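There's a structure below that I have some questions on.
Each chain gets a letter, A, B, C and D, in the order it is written, and its residues are counted from 1.
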């Protein structure tokens, strides 16, 4: 099939390659990339034959909204926009309505696979109208790994359901990563464990905890067993926050996902106001020794 | 090799079969099982040629201690005992010392793989003396899955290190299971998600969260999408508690593993005294409506 | 001063009484209450002399919005509306703008004190313009407890800051209540503790944990030491959720407040889908015994 | 009454003063203090008339055990030892048995009040034999604040119950402090809040969250509103860990107390191995930018 791909970052560029290898005519557009096939959004639209498919792989929020607005002005009734970025699912009905007012169809698609998806394929969670999704089947089949479709593709529900599913996927990911990481620290803390990385590697076959993330952690530890090459400063990218917010909205207890999220917040604080207040209280009531702040010049 | 296997429960019986298939002469003993090859511990010892190997697959704590004591009386210098059960790692040096006083060698071995290990092989984490562990290599190789030894076997350190590693493995397992489970509930809570099980299945290939546990959850949900066949009442089996206790001993923060553990505790309470106290406080200060307890007869 | 009071529920009715006792002319309006002094919002406005003060004590969200809209139509430039309910602080600028378009001033005021405020006084956290707040000083002074103003009153910042402060107050309250409640359960769980309530009472003077909430818990336990008269089913009222959402928005780790919130969510579930999924996983990989669901008719 | 007081640290020295002011003949012994009234434990015992009372205010664990052993050698049947330190409650029966073998009685007593107890009085939670506790009543009454005995004193149960109650008291304290501290950080994070300390002060009268700890936090913040004089590095002193361990032993979920404990652990880590592992995973699967560790010399 022919389709336009807006956004040629790490994900979009890889997806263009994979689509082309599977025989699709993917035309990429990214104003900030030398790899762009066309110079403007207008050129992209002009290069496509109706009914056009335009697949977005751009940052959620502002950028996505802006591209959608640009497409709403340029596309024609019957064309179809897929938002494959990490948009919040509540943005989808808004974008769908904006496009729908012009007769343009909309499908949201959560895409998982990271930098490995180029070769391994991407898992896809989509939301939208069954007819629209059926229409896109060849594209989905090119992107996803070989094997049964149900193992890497789901029509999760109406518009928004794809991104909701992707959000939950990432929320789980936060919890999984943190569980492995806590275990790693427990191994590291115990003197009798000679090599935490070797223990983790021994779990990659046969155990209950075997997984792709575990494989990746083993890779990361090989050659850098104490992870000396990086710090614990850890960003978060939206879906973790949204997962907790949706949990609150649905009154679902998520102690694990939230603990993983809060640990990321804490990792980015040079000092914790919360702990300073705890420390201050201890000094007040108990005369407990506390760590006084020292002028930066005197600091170890 | 010839070895005695004490304990023919789910794990022990399967391991005997796997060992035999790999050409080992495994003699099983279990006083409570019809599948026992010998009638008494003494008979088991008598049936083995020195240096004898006796592998325990019995419940941690009391039972393990009792079998170890029985073996200390019956084995000879140079014999070797492997504790393959889920003993707390702090029990291992005690058991090793008891046996060591008779010249009997001791190796602790954490075994992972559940009921699937029979066919897939078991991952093994062992602690002890390098010579003893080398001596047992053919047994370990029969039990573990095919493939590189380092992917399913680790000599983690001195006596106790094997069980420490297994404890951490299970602590991680608590966190992983809970992360998936929270995600499942988030999917279930959102009306637009047509079939949570189908979403989970779509993550089994290509995604960041793919794992064996995810495969199992998909299996569990197929045909019982709301898990109506069971309740949330969930036991815990020791290693989760020990993981948190070791974390405390090592001053390692484990918010994820502990959250998973506490959720299991809560799942077994018919009503929570903590929440009753919270509810009582709300009634006291705010006149908030609370749920009065009603006589059982009147209950919905 | 003369002021109108919209909303004569538990809080509003008590506040009217306290204001009158302090010599203020408080005219109450509540369409659902027999204690209403006037029959309509129009009558209330008509009964007040300009510049009018109208103080809202109505449920946050829909109801508050609707009353604000009604007042925007009826009040005159220079009049002043105080939102004393538990509105989300992000609603305040919206309401202020709506009223401001008519020249009507707006102050938000978080009110704490529960049913005890009638006699003890209410603590007040206000947001808005300094001139407006100064104008209201006699009303604030009547409502708050005697003693230094700074101990029960704060001009927290611009419009919204009062409700933000109140939200945080309630978030803390969630954590405090839960901390006491966990301690209560720890006392209850230990057989050697003869009477948990007596232990708690012994903490009410001299200890580090003494507080008004502790006094209330002691009261609740006297005569009902196992809190048999109520269940653990516990509502949450908005501020706890908002506190966690604001924490997320500000990247502030709040493991304690969120744990208290999630425990309330869990208290309202008859069975936990999360724990059912955990239980299902345990059955899948380990053949662990799980609690099968039984038909309601067979249930204990 | 006459009594010996072993340990003249912050707590012991203050208690000696308070006892003397209440007319008791308190003889202090501390080998490391110039304020010691006697030079040796033997001299202390010799200075007391039978039945002797010896009250310990020494560090839990090793030191307490050693003093108890010294007393067991020197005291006579009918004498009475009170352990007023922060011993783990499981130490109490051991110490009681050691002394009991000599006919010496034992009472454990949790003492709360910090440096303020000197003037305000101490709350006391005691475990032991009713006769022994009745015998000590004059001492307890001197130590505790004026007012009803039940508000600052409890005979919690048999030997050990006093320290169990004190442990729970401190566990609650961890949770309370953390709840206030999270609230403080939430106030600090919001630009519209002009002065977090002023908000906290406005809660000290009339609110649901008023407490002695809140008063202390207000004091700490006055003059140092951002707590610039100290860091978040926070020790923990035993009872928090024990509370979580007891919770595990009793299968009581304690998400709040454990969150407060883990946050203290985290506050003492210069970098978190857990977060380094999370960061490593993110780099592995997503090519996410991570914070590389830089040589110390280059660090800001």
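By our rule, a contact is a pair of C-beta atoms (placed from the backbone, for glycine too) under 8 Å apart; a residue touches a chain by one contact, two chains touch by 3 or more.
Remember, predicted model here, so these are calculated numbers, not experimental data.
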Which of A-C and A-D has more C-beta contact pairs: A-D
Length of the line joining the C-alpha centres of subunit C and subunit D, rounded to whole Å: 32
Distance between chain centroids, defined by C-alpha means - subunit A, subunit D (Å): 45
Centre-of-Cα separation between subunit C and subunit A, whole angstrom: 37
Multi-chain contact sites of subunit B, meaning residues that touch two or more partners: 114, 178, 180, 182, 185, 189, 208, 212-213, 251-255, 259-260, 262-263, 266, 272, 274, 285-286
Chain contact graph, described as a line, ring, star, complete graph or other shape: complete
Touch list for subunit A against partner subunit D, complex: 10, 114-116, 177-178, 180-182, 184-185, 188-189, 212-213, 216-217, 219-221, 226-235, 237, 255, 260, 263-264, 266-267, 271-293
Subunit A contact footprint on subunit B (complex, rising order): 112-114, 117, 120-125, 127, 144-145, 147, 150-158, 160-161, 164-165, 168-169, 171-176, 178-180, 182-183, 185-187, 189-190, 192-195, 198-199, 201-214, 243, 246-247, 250-257, 259-260, 262-263
List of subunit A residues in touch with subunit C within their complex: 208, 241, 244-245, 248, 251-255, 258-259, 261-263, 265-266, 268, 272, 274, 285-286
